[in-house]
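For reference, the structures are reproduced in the following blocks.
Look for chain A in each of the two complexes below; its partner is chain B in the first and chain C in the second.
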Partner chain A sequence: MSTLAQKPPGSFGGYDAHQDHSAQAQKRADKWMIPGTLLMGTGILGIIGFPLFLWGLRLQVNAAKAGLSVRPVIVTLIGYLVIIDSTLNSAGWMMDLVANHTLINRLITAGWGAVFDGGYFWHYNEIWVGGTGAPGEKAWQISLIMVVFCGRMAAGIGLLQMKRWGQQWLIVFCWMGLIVWIGYNLNMTFYGDVRYANITFPVWGWWIYDIFYITPFLAIPYLHTVNREIFSD
Partner chain B sequence: MNTSTAESLPLGTTAHYATMHKWLQRALLVCLTVLVLEASFTLPGLLIWFGWPTLSLVQVCDELMKVRYSDDNAQCLVPQPLFIASEGQAYKKSAQDDWGIQPRPRYKRIGYRDLVRFRDERLAREAAAAQHRGQLVPASADTTPAEPASPTH
Partner chain C sequence: MSDKSVSQQDRRRKRALIVFQVLLYSYLLGLFLVQLHMSHERGW
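Right, the complex of A and B next:
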């Protein structure tokens, strides 16, 4: 551990030591939160990843209480949560896109469709690429995975590194979420019979799932009102 | 009244937005928790809803296919052979829909453990049909041995 005595002459002494200690504390916390996030991004292993993430968050909060300069908790939450949001969406849609005839996909995706969203049950695995046959759904999958979720994950990583570009690009990709929600929900509404007729929990069941993906909308007011000087160029 | 000072505020948060940031952080924690719980328990929850462990995973997949295509013969090929047509191609004609510019499916709604019930009912139907056929077959078979007895007349 660096101390003032170990610092070479000409350094900023206590300031450099504080910076070193802060960076180490942040890294120690991220070492728990990164694997936690990777596990949470898989979906089913999230229950294992969640405690790892919370432990890392606790380390970070304790470091802040000890006077070290670590990320604000809300930046950590936004950064990791937009990554989890993107990976969960991407993982589910990639299974539908390229692994649609696997047993696991036919159980979780077509099964989820039968209960919450008929777009993933109605004539499922019938079009030539397989997967959902709901009008418009494939186009949403491909465009959102390739444009929105990839970009949002990259921006989330930049934000977690406290980079200015991370904050700026996350604003861009979170605003894209507005188009995603309005477009996707209108598509579902206009083909409401395909999506909701004769499934187990129509409309409200889908909303119970969907409403917790509002992270981008929670991020927007913060990203616009935070003092941007805390993010480095 | 907000009595917090600049020193007690998180980095980057000004006093003017402190309350909003505090509530945003709480909402983010709620979202994280619920997302994790939803994502973790969706597959086991669905399987239990459908009928596992009474039904095996492949049987659940089979029953979902039969409901989706309203066809008792529909089944999941596990593993699905590579480079063949999508599985639905074989059954699409049996699927029940009201066709129009906005099609409406007419498959059965799947309630709690309904796939077990659907399977039991189908097996009962098939057994009854087999028994019915069996009654017809022995009836004709019975006539055969009866004929050799006729020479006593």
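Right, the complex of A and C next:
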């Protein structure tokens, strides 16, 4: 550990050393949590990513216990959660949007459709852009990937960096989730005959699968009431 | 404004946001139940 004697003249000695050690500890933890999150964002590799993430989280908690100034755990969890939410949704929908005729997509997406959501099975690859033929689904895919998930991912990164803009924009994008979930679920309900008829697990299968994506709402009360001074300008 | 009134305001704000969340999740639960009902009615 650095001491006051080792610091160059003009520095704040112990305070600077503490800041340095805190930044290093945070970086060490993030080095595990970032790849863990990216792997979880692919869906299928989540089983590898989850233990990496937990290890990074453990490093961060231990650093906090040792008295270092690291990010609050709740900020870490919210930030990485919204990044995983955005990457999972974007990866799945981008496959349907641009890689809809690939073998892997026809296997995974259409197979998933046959089990959970008939919108990804019924007349699949039959409309002019390919992919899902469910009414309104393409419009949701394009608008949500471009507007909501890209922005939410950027805001999540800003939040993890403890930037004020990250906190403010994440509030905006979490509220956008209100439009997303009210609108998307109404679409699912009105076109239920397309989405739920003749599939393996009608209605409850989709809800069990998708309920986790609704969790970013839970961050809204925290983001509105947290002390804004902990985020830097 | 005193510290006390600020914390009271924060508490009220947090409570209002939690009530809002309960309403929102109730709405989602309502939609789920509507879909479940339709599933039984239509034999999905």
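Methods note: the second predicted complex is superposed on the first by the 231 of 233 C-alpha atoms of A that agree within 3 Å, B and C clash if a C-alpha of one lies under 4 Å from a C-alpha of the other, contacts with A are read in each partner's own complex, and residues count from 1 in each chain.
To be clear about the criterion, contacts are C-beta pairs under 8 Å (C-beta built on N, C-alpha and C of every residue); 3 or more make two chains touch, one makes a residue touch a chain.
The structure presented is a predicted model; accordingly, all values stated were derived computationally and were not measured.
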Partner chain(s) touched by A:A114 [first = chain B, second = chain C, both, neither]: first
Which of chain B and chain C A:F190 touches, first, second, both or neither: first
First (chain B), second (chain C), both or neither touched by A:N198: both
First (chain B), second (chain C), both or neither touched by A:G14: neither
In the superposition, chain B vs chain C on chain A residues touched: B
Touched partner set for A:W122, first chain B, second chain C, both or neither: first
Chain B versus chain C as contact partner of A:P221, first or second or both or neither: both
Which of chain B and chain C A:W181 touches, first, second, both or neither: second
Touching partner for A:I78 - first (chain B), second (chain C), both, neither: first
Overlapping contact positions on chain A, where the chain C interface meets the chain B interface: 192-193, 197-199, 214, 218, 221, 225
List of chain C residues in touch with chain A within their complex: 10, 13-14, 17-18, 20-21, 24-25, 27-28, 31-32, 34-36, 38-39, 42, 44
Chain B to chain A touching residues, read off their complex: 10-14, 17, 20-21, 24-25, 27-44, 46-47, 49-50, 57-58, 60-61, 64, 67-68, 76, 78-80, 85-89, 92, 95, 102-111
Sites on chain A touched by chain B in the complex: 40, 43-47, 49-50, 53, 69, 71-75, 77-78, 80-81, 84-85, 88, 100-103, 106-108, 110-112, 114-115, 118, 121-130, 133, 190-194, 197-200, 209, 212-215, 218, 221-222, 225-227, 229-230
Sites on chain A touched by chain C in the complex: 178, 181-182, 185-186, 188-189, 192-193, 196-199, 202-204, 207, 214, 217-218, 220-221, 224-225
